[in-house]
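Next come two complexes built around subunit A: one with subunit B, the other with subunit C.
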Partner chain A sequence: MKASIFSRRSTWAWPYAIFLAIFVALPLVLIVVFAFTNGDGEFTFDNFKKFVLQPEAVNTFIYSIGIALVTTFLCILLGYPAAYILSNKNLNRSQTTVMLFILPMWINILVRTLATVALFDFVHIPLGEGALIFGMVYNFLPFMIYPIYNTLQKMDHSLIEAAEDLGAKPSTVFWKVTVPLSMPGITSGIMMVFMPTISTFAIAELLTMNNIKLFGTTIQENINNGMWNYGAALSLIMLVIIGVTSLFSDGDEQGQNEGGII
Partner chain B sequence: MKKFFAQSYLWLLLALLYAPIIIIAIFSFTEAKVLGNWTGFSTNLYTSLFSGGVRHNLLDAIENTFTIALIAAAVSTILGSIAAIGIHNMRGKRRQAITFLNNIPMLNPDIITGISLFLLFVSLSITQGYTTVVLAHIAFCTPYVVLSVMPRLQQMNPNIYEAALDLGATPFQALRKVIIPEIRPGMISGFILAFTLSIDDFAVTIFTIGNQGLETLSTFIYADARKGGLTPELRPLSTIIFVTVLLLLIIINVRARRAARKQENI
Partner chain C sequence: MVTKNDTIIKIEHLSKAFGDKVVLDDINLDIRRGEFITLLGPSGCGKTTLLRMIAGFLKPDSGVIMMEGNDISEVPPHRRPLNTVFQRYALFPHLNVYDNIAFGLKLNKVPTAEIETRVRKALKMVSMTDYEDRDVNSLSGGQQQRVAIARAIVNRPKVLLLDEPLAALDLKMRKDMQMELKQMHQELGITFIYVTHDQEEALTLSDTVVVMSDGKIQQIGTPIDIYNEPVNSFVADFIGESNILNGTMIHDREVEFIGHTFECVDEGFGDNAPVDVVIRPEDIYIIANAENAKFTGVVKSCIFKGVHYEMFVETDKGYELMLQDYNAFEVESTVGMFIKPSDIHVMHKERTCNTFEGKMISPNKVEIMGAEFECCDCGLKEGDNIYAAINFDRVELLDNKEDGIVMGEVVFILYKGNHYHITVLTDDGDKIYVDTNDIWDKGDIVGVSIAPSDLHITKRV
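Let's turn to the complex of A and B:
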């Protein structure tokens, strides 16, 4: 009997299934429960009303989305050419350069941010909004370059040759063939930059000497100050925004990122 | 000519990306309290980092960071590998459901993972500290282990396991002698990945660490930076972390490339 249980190997996933239920599914359910209850555990919409009625919280929210959009846009602007060059065999052959671009992804985000602050201090750039955006782009640029590089590399190059053979100008080839084919990489890059930028906390505090607050910081402060229900409601709002963003990217990108992080 | 411009762009971007960390590395070899003052070459910051000349907290934080990462990576690797074998043999709805749940920690922003786990521990009235941090780290590391072991299982010839059973091996022997050797490279990559993720983590840690005075490197740096003054010893420390991560990445990449070459030769 014992042997038969073990030889049905699908049962081996059960311990992990239980683990996932307790440490992934249940906690997310708790966010929803806390968001729709008050301190006494009664059902209420008050947490959301409080958010809507507080101009400060709403402003921080909108401001954070703005910062995240600007950061994402700048990352595409700087990152796409880099990814293009890296994946083009005529322009770059070295794997080392590719690795150098990925490497910063693996350094502690606080260490990177501190290093950026140190750099700004060193060249006497004042900390503030400019430093914040600059620092964010610094931190998240590799996350934009990598997925775009990945799709460009897997792209079927005969399509480009076909377009050239059929008489398309290089710029036409780029805009009509290369860019559309690399869209999956761009969308997953947008996810990988927009999501963390909108949800960061700590980074903004360090880069602006506490002068600018982002939505992530607001959530963290509320949780730290014991306003769990309100904090949970704010987290839920953030989750909705992120859910909406991820609707823009198709489901197939997950497969693309699989195992491809290194 | 085009290549020259392209390469210049890449190197300019790299220079910008690495400028901060290089400045930290350079100024880790001088003693000045304030970064940017060069008071002559010295390795004193390195020695005082390790001799405990600094506030004890930093050394404790480093130790905690590493033991947490080791435990979390080890448990994730075991849990994730067993789970991967199970998922690999699952079909239909159940498989979809568990794969979906497995993806959540990877797609969720850290702050959401952190807060959701915080609410879990609070609701179960578990005192937060070392154990809760380890549990939280296992929760967000294991999916990556599952993902790095799965491709190995898919490449494996399913018949060799059955063959081992037919030849009289117990399921446990077959696991040890047949499956594990096949998936070992995936397990090792998964372990390294989990280890780096755990060391790097800040957002999940800060929500699950509690207020018993426990610190990891990330929370230490955060507290330190908020106080305004940066402990100078963080400079050599960042440099060491940077070099370690560099080495780990080189190891992973060399392994991956060797594996790819092996695959091509078959």
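Let's turn to the complex of A and C:
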């Protein structure tokens, strides 16, 4: 009897493979094609020249990276202590507290941002750059906390005891053992925060009343205005930047496993 | 090298409980400078807790730990002049071999040049020269263990704590490491406190063995003392193989067990005192000629064990004995046996029956072990405080735990030649001792029932 094709395990990957081809691979190819062609479908570098020669676009790009860096930095600053407290059994005994920190991730990002706008409005804080960074940090903080929490949680407690035993006082234990061992979680957290923040546009639009433009906004505007080729080129530039950042963490395979979000 | 009375660590009345469970119960222990002392016991006996308390990772509920005359009970681990070798090595995965070993020295601001010579010396001591730059994750278990030892001894601690350091290694490697540890102890001349559940390891390595069970110290002594003169049936059973039998001390130097009277060397037990008798399997001499023997038996099984044969013999009075001999005897053959007086070890019985405190709740009902038991009317009235005694062989264990009056878990089984002596721990934490011919396994949950006529009640004042 011939085995049914459904008995092969790989068969079950086909639906997703097809989905992947249509909605991920094909668009990527299209972005590359559009980026290197003009409106008439001819090969050209003009789109990239336009970007380099247009100080406004370059400035937005640099500004976006700056905002992303600040956001990521603030997320580490706030997220690490939070993750540390959550994972420390002496300080936190309940799983519920962990849930409270993760909960915001379940709510749609736009809903959360609109709520932030309403809140700022209510307490009469003007919207602008400060509000933008607040919104970004607020939205992406859980993505920083969880990977760090995960690595700290899985860390072998006897390593801390070993350090104490060898004469390290609590602060030394933290800097020489806990932090280096939670690096995979920090790297994971940076990936989860930095990459999406570069390309945000909705948060920026809502929290700055459209006064501050991020790179995501620029791309969106160009595509909306029918400038597909230029928009595609900008997208490609951003993809390359994200790709470069992800290279930094590629060397640390273990980090991906240990610090993964779930 | 070991000088008498030079105590480096003195532990007094140390107790610790985790929630309701008492893990250490009034521990008193003196550790001499330079000795190799082993805390030995089955898992859950409190040995690791005791070690962790000496290291400073746990705080005692009561009692003190003195080191060189100072109370260190409240001193945090990083300020105690001792180092630990952890069970699962606990090497820092983000540092290489050199940095792992240098960790403690760097913290103590030792000059770099000195760190280097000391690390190299420590590596040499554990036969790991040239491994400085290796990633610790690339090392085998045995190599990691060596690095862990080097990391501890490089700091020149006054006391080295070792928490089952060889448990994860295979047998051959374990034997090699035992010899190396013993040699290292001699070279360093510092105190080693070693935790293990392996009695052979404890006997091989130690100057002093501390046998622990149920959070209490059962016996402290040299390996030879512990082996030859166990103080109770637990120690006798835990250390080596042994036949543990019920006996009666007829009078000084004469003891009765397995239905025969033997000459022995023990005195001072009193006349006709019930005792436990321990005979090591290698101390029963076996001869093919049954006529001249003290007692006879039929060989029931004979297994080759490498150096000797291990045989089970059923004696003429129906007791089963384990014995070891260099010669094999045919199964089902009748053999003669004798035991030298000096090889008979007599121990006080810890108890001869179960005794519980309780009170009457009606003229024929009594409350003991947190449950109601029916008893015969013995003229006592409600509310009277009483002692209830039940003979070991009158306690009934039931498969179906719901059928018993109280429920319990079988925690300890001792074979006594013709029956099992079982310890059952009830849900309320009481211990019931049972003599039975039925086979139970450790960890079985059983129902316990006692017939009213078997409860002997006396008034408690």
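Note that in this section the second predicted complex is superposed on the first by the 241 of 262 C-alpha atoms of A that agree within 3 Å, B and C clash if a C-alpha of one lies under 4 Å from a C-alpha of the other, contacts with A are read in each partner's own complex, and residues count from 1 in each chain.
As a working rule, contacts are C-beta pairs under 8 Å (C-beta built on N, C-alpha and C of every residue); 3 or more make two chains touch, one makes a residue touch a chain.
Note that the structure is predicted; figures quoted are calculated from it, not measured.
Enquirer: Do subunit B and subunit C fit side by side on subunit A after the overlay, or clash?
Expert: fit
Enquirer: Tell me the contact category for A:Leu159 with respect to subunit B and subunit C: first, second, both or neither.
Expert: The answer is second: A:Leu159 touches subunit C but not subunit B.
Enquirer: Touch check for A:Leu77: first (subunit B), second (subunit C), both, or neither?
Expert: Neither: A:Leu77 stays clear of subunit B and subunit C.
Enquirer: Which partner does A:Val52 reach: the first (subunit B), the second (subunit C), both, or neither?
Expert: In the superposition, A:Val52 touches no partner, neither subunit B nor subunit C.
Enquirer: By residue count, which of the two partners contacts subunit A more extensively, subunit B or subunit C?
Expert: Partner touching more subunit A residues in the overlay: B.
Enquirer: One more residue to check, A:Thr172. First (subunit B), second (subunit C), both or neither?
Expert: In the superposition, A:Thr172 touches subunit C alone.
Enquirer: Could you tell me if A:Ile223 is touching subunit B, subunit C, both of them or neither one (first, second, both, neither)?
Expert: first
Enquirer: So after superposition, what is the minimum Cα distance from subunit B to subunit C, given in Å?
Expert: It comes out at 16 Å between the closest C-alpha atoms.
Enquirer: Show which residues of subunit A both subunit B and subunit C reach, each in its own complex.
Expert: Comparing the two interfaces on subunit A, one with subunit B and one with subunit C, no residues are shared.
Enquirer: Could you list, by residue number, the parts of subunit B that touch subunit A in their complex?
Expert: The contact residues of subunit B facing subunit A are 2-3, 6-7, 9-10, 13-14, 16-21, 23-24, 27, 35-36, 79-80, 82-83, 85-91, 94, 98, 101-105, 107, 109-113, 115-120, 122-123, 135-136, 138-139, 142, 144, 146-148, 150-151, 165, 170-172, 189, 193, 196, 199-200, 202-203, 206-207, 217-218, 221-222, 225-226, 230, 234, 238, 241-242, 245-246, 248-250, 252-253, 256.
Enquirer: Tell me, which parts of subunit A touch subunit B in their complex?
Expert: Touching subunit B: residues 3, 6-17, 19-28, 30-31, 34, 78, 81-82, 85-86, 88, 90-92, 97, 99-104, 106-112, 114-119, 121-122, 138, 141-142, 195-196, 198-202, 205-206, 216, 219-220, 223, 228, 231-232, 235, 238-239, 242, 246, 254, 258-259, 261-262 of subunit A.
Enquirer: Write out the stretch or stretches of subunit A touching subunit C in their complex.
Expert: It is residues 156, 158-159, 161-169, 172, 176-177, 180-181, 183 of subunit A that touch subunit C.
Enquirer: Tell me, which parts of subunit C touch subunit A in their complex?
Expert: Going by the criterion above, the answer is residues 55-57, 76-79, 82-84, 86-88, 90-94, 103-104, 107-108, 151-152, 155.
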